[in-house]
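Next come two complexes built around chain A: one with chain B, the other with chain C.
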Partner chain A sequence: MENRPLEYDYTVTKMFMFMTIVLGIVGMLIGVILAFQLAYPGVNTILGEGLAEYTNFSRLRPLHTDSVAFGFTLSGIFAAWFYIGQRVLKVSMAESKFLMFIGKLMFWLYAVGVVAIVVSLFMGITTSKEYAEFEWPIDIAIVIIWVLFGISIFGLIGIRREKSLYISVWYFIAGFLGVAMLYLFNNMEVPTYFASGGVGSIMHSVSMYSGTNDALVQWWYGHNAVAFVFTVPIVAMIYYFLPKESGQAIYSYKLSLLSFWGLMFVYLWAGGHHLIYSTVPDWVQTMGSIFSVILILPSWGSAINMLLTMKGEWQQVASSPLIKFMVLGSTFYMFSTLEGPIQAIKSVNAIAHFTDWIVGHVHDGTLGWVGFMIMAALYHMAPRVFKRELYSKSLMATQFWIQTLGVVLYFTSMWIAGITQGMMWRAHDEFGNLAYSFIDTVTVLHPYYTIRAVGGLLYLVGFIMFAYNIYKTMSARPVEEYELQNASPMGA
Partner chain B sequence: MSIAELQAYGYVGAMVVLVFISYGYAYHLYTKKKDASGKDYEEYSNMALRDDITDTPVSARSEHKKK
Partner chain C sequence: MFHWLEKHPFFFAVGVFLVIAFAGLVEIVPNFVQASRPVIGTAPYSTLELAGRHVYIKNSCNACHSQLIRPFKSETDRYGHYSLSGEYAYDRPFLWGSKRTGPDLMRVGNYRTTDWHENHMKDPAGVVPGSIMPAYRWMFTNKADIDTAYAEQLTVAKVFSTPYNKPVPMKDGSTVTVKMGSNVAEANAMALAEAKVIAADMKGQDVKDAVAAGKIPEIVALIAYLNSLK
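Moving on to the complex of A and B:
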């Protein structure tokens, strides 16, 4: 038998990269349809009245949020873990048949889970809890997939050659543990068919918590889904990919450790800001507000650390579109983690709550930070897993500017729409009568909804360019190992 | 003293303790500069930069076991 040198094995990474792209297109396409539905209600029945059940806003909305958060983002995180995990622990998946089997099993179960989720949500089977819409049989499947993810993480750590765990690994572990805890507690539910002795649908369940308690657990979960899906694993990615692509050591490794523990402690307490001016105890609301403001420190700690990593090397931002994605991603992270705490301040929240400003905030985080970072990660990984140069640098740069314009149009329109909405809802005359009816706000907001839809469309167009670039990379010029040390090789 | 006041004092107290822990950790990191094994924290950045499977680990697990 030929004695081949040991290499990293990217089989599972490739599978999840493929899934990231497919679910990204699906999730963002649905998002764009939703945005046009809000601007032009006729789009709700675009396939005719007969199919309106499947094309209306309320049926599609959870499909959008779940496919971008738990489809596109999680697949990107999994792809990145199976890539970064091997490299910073200096151990190959090829060294463990068991871990390779677990990785593949995880992927195929995940794929089955995706199909089950898409079908059930299209059929209208939902718990109606935001970002936790999946009914109990799917929840059980998700727990199994998550346990497999845990085995992959700790299994790889168990056979590592590098004694210390790189900061990204700490973030991946935190992401794994955080989601495990949050998901289990928020999805405690009673299947009504079994509890009632055979009445109703077998798929239906009710939450084990009721009323205000249910809301509290839901938003402890909901906000921390942002923490442990949209933040923690994405920070793990930038801590690896930016230094590696730029060839620069992290500006301050000590700051990365400090920010990690700060983020871990503070984030879990901030969820109460979703329930300001609701029926939860006042001190919980205050705590949510204060911890949200404190959250600026660890978030900016990581983001500034990344920007300072480029110290003395800023010409790379100009010359490499891949670095541009990461530096702008980090900047959007700073922007979003400043905007969020501002919205969590009680007096600001009185205007912002329930308005489009919140939607704008979520999207400058997800499009500008999460989306940019995941695409950058795939751009960095693609030449290394396919052993080929990136197909087109100019296509990547064009995509960057189209998507940046899309994000800017998205959040600026939602700022204006949200604040206008909040002010109009509160406006009253000297007798306390409301100055505007709901439809008055709809009329005023219409242009901004159209701008938002165009912004979203631009982002989707950019994403399709990204998918095409990666697809063409698979058959681009083969590269030698030495070309892959730092800056990714790119065709014109 | 009402339960609400107790909560408020407890909350402020917890904040003070946590601020001390957090600043204490920062002080520890920046004055010691090195971890328990005597390695400068900043050297760990190399785990990402020198991550080929043939690269020498920053702190090899096998060396640690020998000790």
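Moving on to the complex of A and C:
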């Protein structure tokens, strides 16, 4: 009994892998539609005047951000947890009926939540707070799902055989705790139906905080939702999948320690950089600015640790498209965590804030780092979960280059658009009057909006190739008798 | 210490939580009370304005329009006086936005009229050539939700002591009292009276007819809200 390798149970992983792909396609498709709407406003009525209320930019915008952040990304994180957790803790989900039940329950509640969110956002039921648009009944459902996720994490830890927690588990714990704290405090709201004794809509609520306080709490949340959804669990993934895929040990334990505890302490302070030159106290803005720059250290710590893990094995980058995804992902992480602090410097922020440069920054992080890493994780997991070799390596390589081109087109066009607009807004003529009317600063962006839309479309095309590759892996390849070991065995 | 923590998940989790909770406490708590105090001249929203604010939120206007004027000459030239913290005291939620695909609207009531908004919401590019803003024609037929706006007024008056039916000081030394209905029927009647004033300045016969028949299209509420932004 003791000598036989553990058989891990991937039922829940498979469910969330499926969800990752479906919501990825939905979220990115909406993103591409939005991009074309900005370049060609006629796309707002793509399904006719009658449905314009549901297809116009403003109604779709929250659907895009929420479906990629809390749909695609979170599902990917959940899929990875139910895979990595078992393996690094050396315990199978099959050993605990309770944890298996919790995992499945979590998935089905999550699926119901997705439907509720899509329907309510299409109807325009929103709190307006970015990444926290959901009204109070959905908030309650999200809290329940999150508690189930917590039970899955700590339950598995509770029955573990491996006593020391691997680095990935640190990050999963932190991601769980961070999101729990932020989400609870930012979504403090009073349902008006009950407070008023049964008047009006039952879905409506009013924020516990007003004005400046509301903004401060929201961006403390908004910035750190990025930290604990787009960074922390993704770092957890690369700390597991890169060493596994490359067969290399993590470069430095001490660097892991420094970057983990550093990231935990520093990240939360940086939220104030969303509010520079606003009405929050000056010292909060300055703190946000300074800590954003300090944040380069722990961020680059993780990224450098990953790149140095490849030391002596760089030929793998050339030969394996899967390693390409992870190495370029780390590089985009470094790039994005340098760009962010630059934008947080007050004088730069004065130009960058409110422009497309910020949109560009978000997307080089999410497309280049988060998206690449999640797809790499699924590519690594698929052969082991389905016990089949990956369908096509060349399709994967083609996808890599198409998507890389897409990301580059996206962020370069948004840099130019953002800086152009920022400079035009502040330009004065020789008499001290504003040099441009607002509309001048919109029409000038048309070519960049078009390039961005093409870049986004390329990324979506690559994602559909990814979905196809995974689908064919599931269906076309013969089942292997044993779970595949070490680096991904790939078809030609 | 770190090796020990990595073998003791409970203490590890406690440690992580303390490290991440620290910054929030330091940044948010000290100025909390001061930041929620209104400046003189700031009054709560009327029922119709609040219903309009809900239309604004429902259609994510804040995804493209900010309501935050930064203290730069280029911004005060374009949009008016820079924003003060206390001006937002009755904004739940805040609507600062994070992207200016369109211009700031913090003081749009100072320089745009009911008539302008009516034309613009129907056909933005017809009013501002080159505009990429979509048209919002359904707002001319959808009805505003006055009941929910009234429910919000009741809630904020009760829970947060928002001063409805109380005199609020203005900059010139006078006071203004924003009235709130004592029941749903009265609140609707008050909103309708306000809507009639707006509709009188509008050209669309459909909107005028609807208001005359006692119904308030979303566009009327939205314009009431936009006109209140000063």
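Assume the second predicted complex is superposed on the first by the 476 of 492 C-alpha atoms of A that agree within 3 Å, B and C clash if a C-alpha of one lies under 4 Å from a C-alpha of the other, contacts with A are read in each partner's own complex, and residues count from 1 in each chain.
Keep in mind that, in the parts below, a residue touches a chain if its C-beta (ideal position, glycine included) is under 8 Å from a C-beta of that chain, and two chains touch if they have at least 3 such contacts.
Nothing here was measured: the structure is a model prediction, and the numbers come from that model.
Novice: Does chain B (first) or chain C (second) touch A:F265, or do both, or does neither?
Specialist: both
Novice: Between chain B (first) and chain C (second), which does A:G200 come into contact with in this model arrangement: first, second, both, or neither?
Specialist: A:G200 sits against chain C, while chain B stays out of touch.
Novice: Kindly classify A:Q218 by the partners it touches after superposition: chain B alone (first), chain C alone (second), both, or neither?
Specialist: The answer is second: A:Q218 touches chain C but not chain B.
Novice: Is A:L257 touching the first partner chain B, the second partner chain C, both, or neither of them?
Specialist: both
Novice: State whether A:E162 touches chain B only (first), chain C only (second), both chains, or neither.
Specialist: first
Novice: Who contacts more of chain A, chain B or chain C?
Specialist: C
Novice: Thinking of the overlay built on chain A, is A:M287 touched by chain B (first), by chain C (second), by both, or by neither?
Specialist: both
Novice: Is A:A350 in contact with chain B, with chain C, with both, or with neither (first, second, both, neither)?
Specialist: A:A350 contacts chain C only, not chain B.
Novice: Would you sort A:K244 into first (chain B), second (chain C), both or neither based on which partner it touches?
Specialist: first
Novice: Going by the contact definition given at the top, which residues of chain A touch chain B in one complex and chain C in the other?
Specialist: 163-164, 257, 261, 265, 287
Novice: Show me the residue ranges of chain A that touch chain C in the complex, using the header's touch definition.
Specialist: The contact residues of chain A facing chain C are 37-38, 41, 44-45, 49, 52-53, 56-59, 61-62, 124-130, 154, 157, 163-165, 170, 173-174, 177-178, 181, 185, 190, 192-193, 195-197, 199-201, 204, 206-207, 209-218, 220, 257, 261, 264-265, 267-269, 271-272, 274, 277-281, 284, 287, 291, 350, 353-356, 358-359, 425-428, 433-434, 438-439, 442-443.
Novice: For a test of understanding, state which residues of chain A touch chain B in their complex under the given definition.
Specialist: 5-8, 87-88, 90-92, 160-164, 166-168, 239-240, 243-244, 247, 249-250, 252-254, 257-258, 261-262, 265, 283, 287
Novice: For chain B, which residues count as touching chain A in their complex?
Specialist: Touch list, chain B to chain A: 4, 7-8, 11, 18, 22, 25-26, 29-30, 33, 39, 41-49, 51-55, 57-64.
Novice: Within their complex, state which residues of chain C touch chain A.
Specialist: For chain C paired with chain A, touching residues are 2-3, 6-7, 9, 12-13, 16-17, 19-24, 27-28, 31-32, 35-36, 54, 57-64, 66, 68, 70-75, 77-78, 83-103, 125, 128-138, 142, 145, 147-152, 154-156, 158-160, 184.
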